[in-house]
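The structure under discussion appears below in the form of structure tokens.
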Amino acid sequence: MRHILFLTAGLAFLWLANSGHYSGLILSLGALSIAFVVFVTIKMKVVDAESQPVRISYRIPLYWLWLSKQIILSNISVVKKIWFSPSSIDPAVARIKTSQTSDLGRVIYANSITLTPGTVTLDVTEDEVEVHVLCRESLSLLQNGVMDQQVKRLES
Amino acid sequence: MSANILLQIAILFPLLASALILITGKNPGLRDKITLVSATFLFIVVIFIYRAFDASLQVEEGTAVKSIAVNWAEIVPGLHLGFKLEALGMLFALIASALWLVTSIYGIGYMRGNNEKNQTRFFMLFPIAISAALGIAFASNLLTLFIFYEVMTLSTFPLVTHKGSEHAMKSGRIYLGVLIGSSIGLFLPAIIWVWAVTGTTDFVAGGILQDKLSPLHLSILAALFVLGVGKAAVMPIHRWLPAAMVAPTPVSALLHAVAVVKAGVFSVLKIVVYVFGIDTLSDASYLHFLMYLVGFTIVMASIIALGHDNLKKRLAYSTISQLSYVVLGALILSPISVVGSALHIAAHAFGKITLFFAAGSIYTASKKTEISQLDGIGHRMPWTMAAFTIGALSMIGLPPAVGFISKWYLLMGAYDEQVYFAMGVIVVSTLLNAAYFVPIIYRAFFKTEADGSKPHGEANKAIVVALSITACMTILLFCFPNIPFALAQSIAVQ
Amino acid sequence: MNFMLDAISWFLLASGCFLCITGGLGLFRFPDFFTRMHAASITDSLGSGLIIVGLAFQTPGDWLVVAKLGFILVFIFFTSPTASHALAKAALHAGQKPWQKQT
Amino acid sequence: MILSSHFNYWIVIVLMMIGFFIVISHGNLVKKLMGLSIFQTSVFILYISMGKVAGGTAPILDEAYSVYSNPLPHVLILTAIVVGIATTALGLALVVRINEAYGSIEEGDIEMQDCDKLDKENANK
Amino acid sequence: MFIAAAAALLISMLFALSRAFLGPSIYDRILSVNMFGTKTVLLIAVLGFMMGRPEFLDIAIVYALINFISIIGILRFFEYTHPPVVNSSEQNGESDS
Amino acid sequence: MATAIAIARVKDLFASVMLTGIYSLLSAVFFVLMDAVDVAFTEASVGAGISTILMLSTLTLTGQYEDPTRHKTRTALVVVLVTGALLIFGTADMPRFGDPQTPVQTHVGPHYLEKSYEEIHVPNVVTSVLASYRGFDTFGETVVIFAAGIGVLSLLGFSGRKEKTTISVSAPMYQHRILRVVGKVLIPPILLFALYVQFHGDFGPGGGFQAGVIFAAAIILYTMLFGRQAAEEVIKLSWVRLLAAVGVMLYGSVGLISFLNGKNFLDYSALAADAVSGQHYGILLVELGVGITVTAVMILVFFSFAGRVDKKAEENE
Amino acid sequence: MSAHLPILQVILPLLAAPTCLLLGRTQLLWMFTCGVSALCAVISFQLLHTVHTSGDIIYSLGGWSAPVGIEYRIDSLNAFVLLLVTSLSTVVLCAAKQSIAKEVPESRQLYFYVAFLLCLAGLLGILCTGDAFNVFVFLEISSLSTYTLIALGRDRRALWASYQYLIMGTIGATFILIGIGLLYMITGTLNMRDLAQRLPDVEQAHTLYTGFAFFIVGVCLKLALFPLHLWLPNAYAYAPSIVTAFLAATATKVAVYVLIRFIFNVFGFDFSLSQFPLPQIWLALGIIGVFAASIVAMSQHNIKRLFAFSSVAQIGYIIMGLSLGTAAGVQAALLHVFNHALMKGAIFLAIAGLCYRLGAATMNEFKGLGKQMPWTMAAIVAGGLSLIGVPLTVGFISKWYLVLAFIEKGWWMIVPFIVIGSLLAVVYVWRLVECAYFQEADSKREAGEAPLSILLPTWILVFANIYFGVQPQFTVHATSIATLGLFGATP
């Protein structure tokens, strides 16, 4: 039920922010649409803790800020490589332990890895991620577990 | 009953008979009876029509002209499906219906005698062909004539290929190809031309083409018609006729001595008289080329006939040459020769059918088809061969057969118009006719039979009766030619 | 104030575009599929982010537009790593071998 | 001058020719459909470009603007796009079935198989 | 400025396009298509601003959406034709590895 | 343009499918440049989305590589060059690009731009032309879609609920954690976005058709992630088929109602006492009809193809 | 209500098609479809009557008057073709039930009826509309459903035929689209009447020529004019028999209508026929088409293919009539449109009966059929005679008018070609007759007469063949009014 409410609220926000027309007709249509979408998605069984992270939602902005910083940093390093020394790359594949407890957490972690240039998640298993990196240095950055911790904090 | 209704009955009744025959096909006896009864009935109907027509002719001399005509439908403005009685058609109708009766008798005998297959189909198509013949006879315009002309072609095709053998099919294809090809390829355009020029296709006494076309165009048009009416078998459109001889003899007899070929020459005659008009056509300066062609056909066909040993083939070529007499008569363009042509239609009909009957009779009785096998057959089949002789006389044009009269008129016409070429042709061909008929008669009566041949007598009674009737008619017409003569004269008068 | 906003926005746009071109270039300069993927992710992540934020600065006060830009950004942030991840996984499964530096 | 003021037409023409060429010359059935869609798209561009007014803006009325492009071609092309996708979908479904029936989606193969079959039929005669 | 941005985006699209063109492996193509899609989204957004009609952002959203779905679709159907067998590498054209 | 050539040249059909995707993205950008936002919207969703997916499914079934032999190249060249020459001949008199004085801009078009707001009161002129002035064309278009759906169904048919054993084949992506989670997150917003597009066609680019495609795309995404079986449990295909019909009939019945009220077919002013708001309701309903049909048909078409793919996969096992 | 007839005519089948999905049983479906089609026929009859008595009907869709909105415009020309299409579709549908039950798998019969109705609606839409783009939309409705219908054939070649048709048809439709686009470009309007008024102002524009050329080529593709006919034989040969009958009787006819409408009404007849060598091209193509197609038809083994080629030949005649550009020529073409629909309808329905009994229609199957299925064979023969142009059948009437038109124009030289063309028809029809009547059947086969539900419609058409051949007043009258309307409308 919590998830449904959360979803409804999210969808309502989406509608209102997109619409820009707040006449009675359109609003009631919006309400109907939301109801319909909720109905369909419940039937689809996609409304659950995985898709509606009610619990952790308030911590997400903070995490994003942190992640943005990481992204900017790694971007700079990759850009340098592209422009100045494409030959200096030294790709590698490695498995890294993860400490996330839920699939959602693992997904956030994996996507964050992918989102930062220079590292790409190849596969996710229960307690490991397989990562392809552009340079071995970035591998060590991952292995030190900073990001892992951040995600874990988000999750808890 | 008014003549108009009779006219329609005459055309539609055979179709009904055809349907009846189809239905009763499982019962041969009943079927044959229906054939006979309906043939008789039709003949009577035509006689009645003739009487009505005769009466109207008498009236005509008085005051009111009350033509006997029926219009079924107007397909295109100026293009009717309609019928109208006139002398030439009456003559043709009389011949056709009379001979159907005779042929029915003969045909029943022949088909039974030879145990042919598909007899129902055979007897069913016969009335259709006759209906078509009557339609042609009574047609009041070119279109109607053309329609029935095609109906006749199509309905006789299965008769020609009756045997169904590969050879028969091949001949059938030639038959159909030549007839349909010439009719659609030449005849129809000619009709269209006429229609385009005059806006009508009606048969009108004196013709409808006066002052409409230049002499050259007239000649071309005439050529289109003469050649387009393939059933008239003017060379080079004659190939179908010998080919059609694969048909059973009654078919050859009725259709290729009477209905089909006569429909052809009748059409030519009718077109010359009622579409061109004799006077108009005499303007056609290049017509003599056509006449040469026809004359050539007469002589050439006779010569070819000489060379054929197969009796029916020889008769077929004889037919080709005789038909061209009629066309020639039409092309001489004198009233007398037209009378001759009309008479010759009748004369040849009776004469040739007799000959074919005789040929069929011989085949039924002895399975002989070649002339060289006929030695001494006159002794075994005296009736048949007597009839054959009379027919042959008529073909040659000797008294006491009716052929004499018609040839006489043709000659007279040619003489009047001073067309010496035509006279020459007639004389030469008469000699040739004699040359190919006399040896047969000679063989039949004066040679002795080859040894070891099977003994046989006359063919069955139906056949004998039929051929006797036609032989008698040939002589009777010589003695009392007044009916055909009167009719023929009334054409010439017009 | 407006000038400031404009300047910031231009700066962001310019750097975003630069990153995009860089990504495209990387697509060329890197030797194999997996390494190229890193180059592509430059565009996806920071490149698009900068451009969108830059655009957002162009429309002071029109929150509707900003919201829409935000949706686009969030959407890209969700989908692009997912897509690249799926792609990489598929490639790996299909037998593509990561390029290794010759030593 | 014609080159610059009519550049839209040149694009259309070149695209059209390419698409048309693919349709005719390629034997692969899927490829043909692709060619067809390129061909159609070129027509779409033709229509749309004729609706454009220099200095105009999208035909969504707003007080800030006064010059709009002509909406009619847009409407027509919306319809045409729909028609195009409908055709493509049906065509692809046909290709799938053809592949099941013939085991190939090359025009040459299919025609050869049909010829064989036709020959056989005639031979039975 | 918007024009410059659009031009820059176009250039990088050109890069992506030629990568898609060159291949060599199918995955490279998919990758560049993906990148191309993202760029298109950005380009449309920029164009919208350029022409002063930010309503166009709706289109950009749709693009982003469709792009994602079609990439997933490509991968999804790709699994059927290239089942995850590790040794089938001859088609992947690793001429440069 | 280059893309088109590339499509012609590349032998690998997969590659050319992707290039067609790119091509239609490009042409959509072109449309945006030409102010045709609605068209761009449609081209994006159709060209890059639906048709790519359909072509891919076909290729999955038929194989990836093209036979290199070409037929009739010379004929093709001749035909194409003749066509091209004809067009070039025609361009000589064509109006200049963007010229505001052409017949196109001066004859009928201005009526829409000047009058539509007072007659229909919908800011998006494309929508008012589409749904009202030329509403019958759009009705025809809906029927075309319906016809295509019928065609595909009659050719491929969806293979019912007979095989229950195919879950393993049809849901490999379920194992894929990231995709699953992201999919779960994204599907509801996409669905809502589709409905947003549906109902905001009056104000901005969008409308029934685009909305239908997006909605269907969301369902397709769901199917790809969670398998056909799961999807068929959510949406009964026989119902979807009915929906396709219902959409067409909704459109038609709007027209019928207007002529039961004494107006001409599709004259929406008969729908309400006030002509303008009647137009409004009419457009809304009609667009809804289009949306329903398009969604239903797209789903049906996709399922038909996917059904075949699954069947083939099963046979291969 | 009667004011709404023009739209009802189209809407009825259009809405009936989705309704079909709601009806479950085939029996019900069939009855429903028949009913709808019959209703359409009644409406079109009423329309024709109204047009003849009180002039053209104009109906503005959505209440927007043209050129802003779309208008329907019924005049004597399209009312005539409407009647033709609806009545033939009704007759064909009457025969459909058993034939379809036999030739189409149970699960797909539903789609047959839906697609059939859609196709009908598409054709009617093309006929009614007065808007150029609307023509394209409805053309596509009918084409798409046609592809579906063809692909329903049992033989796998049906698929291939359908695909070929799809490609060709789409190219044709796209050409038409280009043509319409160019016209729009130089006039700014899509309404046909409006176009006709505005086109003379731009008569010299190259664009007009180009647009004209594209349009004509596109339509000719759809109507299978000789070199563009490649899709037709296969499509006809492998589609389900009923579909063949329907298509042969209606689809190309509608394309001819479009051609006539645009040539004479929209482009204006002076422009179309005097500025281009179009008449000459058409004439040449028509003649070549007649000959080539007839000759190919002779060697066909599959009877449906044979008659498909004959259709191509007949289209040649129609085009020849149009190429004259005179009232008489157009009237002849229209007559032939009507008459050809009748004869091909009869023939293909009869073949449907054959296929029902024998499963196929090749020369082999025809052996001895004259005895086994006399009525069916008789119908084929009657149709064949009509095809040849034997008097008393409709074929004669139209050929007669055609020849007349040529003579009136003074093109004597063409007449022999028409005549020889008919002769070629004799040959291929005769092959069939010979096979059916004069060859023995394979002994193992036991084939009875076709079921009455197929035979009856067939004979209705045969009867129509003869009736309108003997009493052509109705058709001649209707076509002459239509032609007058066409020529009156052009300044």
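Every chain is named by a letter (A, B, C, D, E, F and G) in the order it is written, and numbering of its residues begins at 1.
As a working rule, contacts are C-beta pairs under 8 Å (C-beta built on N, C-alpha and C of every residue); 3 or more make two chains touch, one makes a residue touch a chain.
Note that this is a predicted model, so its numbers are computed, not measured.
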item: Shortest contact path, subunit E to subunit F, counted in steps; value: 1
item: Common touching chains of subunit D and subunit A; value: F
item: Dominant interface by contact count, named by its two chains; value: D-F
item: Relative to subunit G, chain with the most remote C-alpha centre; value: A
item: Central chain (by mean CA position); value: G
item: Chain whose average C-alpha position is farthest from subunit F's own; value: B
item: Computed distance of Cα centres, subunit E from subunit C, in Å; value: 12
item: Between subunit E and subunit G, centroid-to-centroid distance (C-alpha), Å; value: 47
item: Subunit A and subunit B: spacing of chain centres that average the CA atoms, whole Å; value: 103
item: Gap in Å, rounded to a whole number, between the CA centres of subunit G and subunit A; value: 61
item: Subunit B residues counted as touching two or more neighbouring chains; value: none
item: In subunit D, residues with contacts to at least two other chains; value: 20, 33, 50, 57-58, 60, 62, 72-73, 76, 79, 83, 86-87, 90, 94-95, 97
item: Numbers and ranges of subunit C residues touching at least 2 other chains; value: 23, 25, 32, 37, 44, 68, 71, 75, 78-80, 82, 84-86, 89, 99
item: Pairs of chains, among all present, that meet the touch criterion; value: A-C, A-F, B-G, C-E, C-F, D-E, D-F, D-G, E-F, F-G
item: Subunit F partner contacts - residues on subunit C that touch it in the complex; value: 75, 78-79, 82, 85-86, 89
item: Subunit A-touching residues of subunit F, taken from the complex the two chains share; value: 177-178, 180-185, 187-189, 191-193, 195-196, 198-200, 203, 222, 226, 230, 234
item: Subunit A - residues contacting subunit F, complex; value: 7, 10-11, 14-15, 18-21, 26, 29-30, 33-34, 36-38, 40-41, 43-48, 50-51, 103-104, 106-107, 110-111, 121, 124
item: Residues of subunit G that touch subunit D when the two form their complex; value: 133, 136-137, 140, 144, 147-148, 151, 156-157, 159-160, 162-163, 166-167, 170-171, 173-174, 177-178, 181, 184-185, 190, 301-302, 362-364
item: Complex interface listing, subunit D residues touching subunit F; value: 2, 5-22, 24-28, 30-31, 33-35, 37-38, 41, 44-45, 48-62, 67-79, 81-90, 92-97, 99-100, 105-109
